[in-house]
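Per-chain residue numbering starts at 1, and chain names A, B, C and D are given in the order in which the chains are listed.
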Amino acid sequence: MDLSECYKKVRQRTEDICSPLQTEDYVVQPVVDVSPPKWHIGHTTWFFETFILKPYFMGYQEYDSNFNYVFNSYYETVGNRVIRTDRGNLSRPTVIEIQLYRKYLDDAMYNFLSEGVTDDVKELLVLGLNHEEQHQELLLTDIKYILGNNPLFPAYSLDYKTPEIDHTDAGMITLDEGIYEIGFNGEGFSFDNEHNRHKVYLNSFAISPNLVTNAEYIEFIEAGGYHDFRHWHAAGWDWVNTNKAEAPMYWHNIDGQWHNYTYHGLQPVTAHQPVCHISYYEAYAYASWKGLRLPTEFEWEAASNQFKWGSRWEWTESSYLPYPGFAKAPGAIGEYNGKFMVGQKVLRGASEVTSPDHSRNTYRNFFQPELRWQFTGIRLAK
Amino acid sequence: MDLSECYKKVRQRTEDICSPLQTEDYVVQPVVDVSPPKWHIGHTTWFFETFILKPYFMGYQEYDSNFNYVFNSYYETVGNRVIRTDRGNLSRPTVIEIQLYRKYLDDAMYNFLSEGVTDDVKELLVLGLNHEEQHQELLLTDIKYILGNNPLFPAYSLDYKTPEIDHTDAGMITLDEGIYEIGFNGEGFSFDNEHNRHKVYLNSFAISPNLVTNAEYIEFIEAGGYHDFRHWHAAGWDWVNTNKAEAPMYWHNIDGQWHNYTYHGLQPVTAHQPVCHISYYEAYAYASWKGLRLPTEFEWEAASNQFKWGSRWEWTESSYLPYPGFAKAPGAIGEYNGKFMVGQKVLRGASEVTSPDHSRNTYRNFFQPELRWQFTGIRLAK
Amino acid sequence: MDLSECYKKVRQRTEDICSPLQTEDYVVQPVVDVSPPKWHIGHTTWFFETFILKPYFMGYQEYDSNFNYVFNSYYETVGNRVIRTDRGNLSRPTVIEIQLYRKYLDDAMYNFLSEGVTDDVKELLVLGLNHEEQHQELLLTDIKYILGNNPLFPAYSLDYKTPEIDHTDAGMITLDEGIYEIGFNGEGFSFDNEHNRHKVYLNSFAISPNLVTNAEYIEFIEAGGYHDFRHWHAAGWDWVNTNKAEAPMYWHNIDGQWHNYTYHGLQPVTAHQPVCHISYYEAYAYASWKGLRLPTEFEWEAASNQFKWGSRWEWTESSYLPYPGFAKAPGAIGEYNGKFMVGQKVLRGASEVTSPDHSRNTYRNFFQPELRWQFTGIRLAK
Amino acid sequence: MDLSECYKKVRQRTEDICSPLQTEDYVVQPVVDVSPPKWHIGHTTWFFETFILKPYFMGYQEYDSNFNYVFNSYYETVGNRVIRTDRGNLSRPTVIEIQLYRKYLDDAMYNFLSEGVTDDVKELLVLGLNHEEQHQELLLTDIKYILGNNPLFPAYSLDYKTPEIDHTDAGMITLDEGIYEIGFNGEGFSFDNEHNRHKVYLNSFAISPNLVTNAEYIEFIEAGGYHDFRHWHAAGWDWVNTNKAEAPMYWHNIDGQWHNYTYHGLQPVTAHQPVCHISYYEAYAYASWKGLRLPTEFEWEAASNQFKWGSRWEWTESSYLPYPGFAKAPGAIGEYNGKFMVGQKVLRGASEVTSPDHSRNTYRNFFQPELRWQFTGIRLAK
């Protein structure tokens, strides 16, 4: 597929994700971690304008200089940004105005790409497309939060297909101690945080081929897991008590039956599905209650070709830290990953809402330990 | 005018106020005191449904039982309400869904009114219309806040007419000491907080026939008024420092020239206009700096037939307290005014965005001393 | 009594109040409204040094220039002050160091007074002594808070004498409508906020000769008064829910029996004692539940020679506002009262911990409506 | 040395540390992370009572059952504890009362130890003594905070000896890539978090034999390091701006000259001393500005026999996580370390206020990245 086609395909998918939304759904920001959908569609457009067209497309006319202020996310190098908590206060630019911006930018991009581009620009373009794929995932999780916290529990789309589960009755997979190579070394795109590929010494360990299911997690709830401090980190125990946590996010106990909000609306919890929307604190407490533990990201990667993954982002025990030899790119692009390498946990795998072709076993996702709005899950190790 | 016509006229004005809005403008809640326009149009509809149609219209079918939860404001008697800070998180019901609710309710109301109503119901209807007129004023002030805090400073409507100012060169009006009658005693509608009409003993006093102008207020700013604690209440001084207040709300100093956001967009401040969007703390500090004071609400009412008023809600020195003989109505309607009679200051007059026929010289508005989003102004006394 | 003797008597009483304390009790500040006792004894000393000796006693040597920074309370005119929340973080100066400062200042004062003073200075001295008497009251209430919130509930002093109650079986006292004179006009000291004496028109009203007792208040608790929003202001209802208020401050329900912390330690609540340590919100809600109301400060003063008062500061319905003709004194002394005239309610009477000779029926105390650590009570009117 | 002598020596050192304090210094808690000295001396006593005498000393009489409530720190297993922010509000028990408790407990311990103890008890005793040594370090850092944040800047003790610096002109030390053994495997006491000793694969790296000095750190300040977001983590940049950080903790710029609070009072900063009292965020930003990085805890341990350490706790790039095979002890003792293994960074080395014999190259200290009140420093790697 040529660059224009790639570009078109990725951009189109963003619009497909938004097509079931009402105009009002594009606007709100119910919590600071969730961005309004219209911000996502403006921001991904601003990214191409700022990092490709403005520096590299001779004669390009900026669409609207105010938009830099509105759609920057966290790139300190390129000017003041709307502070994140304020995004949900902005009714303008309207959805249609942003769609016009998007159209203007896309037209300019097709013109630009039709002239042929240098390798440097190609690299930026691929980064921009991967960036947009990340925002597609965020769009889906943010939309779920927006609709799932509305007292009317509206469905997002009845066409949404919940993936089939791969469950096996096989026991734990064991790996021998020794040196393993970790990090990206294949063809194609990868993020800076997957480099350098390097050696890690692992002790022998065992890891489950299955994710923890809702039925298994309900056992933990019913055994009083949320009320027994022994299984929790001190910070996790504070989190439980401050938030009065009793179950995964989106779960509601209606007349003794657990329900959860899904893209189809409020539904009874499906027993055999992998548990979803849990914090790291909950994943850790569950593992502790089972007498097991979470895998490190190195164990996960070393064993990843021996089990199926891809429906849940899986919490690992590892903190998000640079690999040996990691170096930030110069300029704003260098702000992409490195500046977040403190206070976050690594997740491995991918989830049912990850964009196609946007997952690999060296991909490192990362979130603060209390966050639950991603499609997070649990795989146990020992 | 018969009841149906009155009803139609008031309800239509709400829709006229909203007609320049984009769908997105209906949704946001940038601060807790501002409600999303779609909430206002749903809430005023819910009011008639809850207090008139459900109890009095035999066979009336509630439109949607979830809406009670969404559109209740602060009536504890009628069930849980969406906490005020959450209103801006709700993308659903959509604007169109609320407009359909509004249409359904209006049709039912016309049917109901065509059958003739008792005096009790008529009284509730008049209350409901006055309630809607209050929300029309709030709609206009909330819309100003929503657009005026957007970095693009979009105009609301170029058709909006800023009222002419009545300025006189006459000196202060003086009144003799003695007993004055205060409170409502005319025909037509009044709120419970305007009763009972009662006697108040006033010392002799003088009051200005004019409101303080922007030009006069700029003198206060330029004299360092915001930096001299001697003119401020202790609580006001904390407010200045916490909020880094330097000028009225909506004012921006651009290259040494004061601008303010108006319904026509960002405009240079007009010198001879009455100053607007100031807190009680600022009104008090300005008066102190001038060696004068604010009038009490009793002084204001006693002198009110000797000056023009109606473009600004005017801060008074009086706290919002019950008049002698004040009594709450039984039930939810009784929650209307009495429960706010602590910690608020009285404003008298009316403003340029007050609904027609919704002002009188006994009307008591009230706000916390730090609030500025209303069209508040200053009249001096001594 | 000559000035030196007056001075000595008042200063000695401060020391008497502190004599049962342990050194540690002088240091802590459990909430922002409570000051450490050592701060009170330093601050009252600083007051005389700053406003009398430094300006008027030729050749006076300031004890320690750092102490201005540490012991200023809220007088913005005389330099930076330790912000109020930080007072409890200061272990130095030590109690002994402050006692030495106190001794140094007292010696200088006696020398100064022995030379004879002008009327201006005499006026400041009397203000300083009244100021110290106010801090004596605060010392006693702050000490109660410090010990009463300690899990060991230590007694302050078994020598403390709880006053006898004056209870009468007579019914409500009624006063006719008409003009009453309000404000100070006697001999001796008064605060600026008691002036000017002025005329007020009152409707006829009735007021109870007795304070509400603990037994009566327990009826309110048992009738579910803390769980029925109808009796509360909106702000009061928020306060109840935020603070999970269920009873007056210092009350603990132990095995179904109400106890309260007293200067003698934790004791069963005495049924016939006037209820104490309640907020304005609670006083208002109790009155509403009884179908009655609180008196205004004008009603209270007009009727005050017909009932006994002096064991509780009594909440009134009045907000703390300037009387007609009120004017601040120039300079720092002028910061004494006027700057607090927003957002506070007036209390009338005096309490069992008020200093002797520091009460009169024109005295206006004032606090925010949520505060309870003073010896506050309820008198009903209608 | 026999057990009683060991016990006596460690306990005596706690009292020596406190001997220069005034009674008032024992009481205050200026920030949540600092505990009042009297709490430390009570808590270390409570530890021996709770974990040794009550379970193992037949017939032991608990000193005061209320003290469990007051002196528990974070051991959820043994009952409710005074929440950490409240410690500074407690004037009772007094310092003398706690010293009597300490004496009572020590007498009982000597009796108990004289009878001979089992290996299990011996292990607990050694843990208790190491625990007390940790609190000795905290006492010294908390005392520094209490006095160093007092506007009078009182000296702690002029007898305190600032250690000599070991500075070498040699260049960086380099280690080859390969497998290194990490974790405790010697004789004597170690904490659970130092186990299991395990293999780690390290790339080749270089590490400085010297700590970064004040003079070097001032270059960073003067180069605008605190104002250049590029060197900071996103969370660090928020920290800088929220706290308006401009220099290490305790530093004050007086007339253009940097001073810092020391145990001798406020002193000019000594250029050749290692920089101290910096957060992880600052350590990271400094390293980034130099084009270098912090070592991991594994690199530090692997190289630690080739450089001098012991005057500063040194921030590493590693997050505080369990070693392979780490297991919590059963019961309350198991709460010691494991529950903190999220959100904290590892520090290696020891500091000038670490207790003698309480340091080793496998010791893992840990703090949140924003904390600065420990004697923290910077060693660079690449």
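Here is the rule we go by: a contact is a pair of C-beta atoms (placed from the backbone, for glycine too) under 8 Å apart; a residue touches a chain by one contact, two chains touch by 3 or more.
Predicted model only: the values in this text are computed from it and were never measured.
> Given that subunit B and subunit C are copies and touch, would you call their interface same or different according to whether over half of its residue numbers are shared?
Same residues, largely: of all residue numbers at this interface, over half are found in both copies.
> Averaging only over C-alpha atoms, locate the centres of subunit A and subunit B and give their separation in whole Å.
45
> If you average the Cα atoms of subunit A and of subunit D to get two centres, how far apart are those centres in Å?
Between these chains, centre-to-centre, one finds 37 Å.
> Based only on mean CA positions, could you tell me how far subunit A sits from subunit C in angstrom?
57
> Multi-chain contacts in subunit A: which residues touch at least two other chains?
Where subunit A is concerned, no single residue meets two or more other chains.
> Looking at which chains touch which, would you call it a line, ring, star, complete or other?
ring
> Which positions of subunit D touch subunit A when the two form their complex?
74, 76-77, 177, 179, 198-201, 203, 229-230, 232-237, 280-281, 284, 317-319, 321-322, 324-325, 339-343, 345, 369
> Within the complex, which stretch of subunit B touches subunit A?
22-30, 38, 66, 69-70, 82, 86, 88-95, 146-147, 149-152, 154
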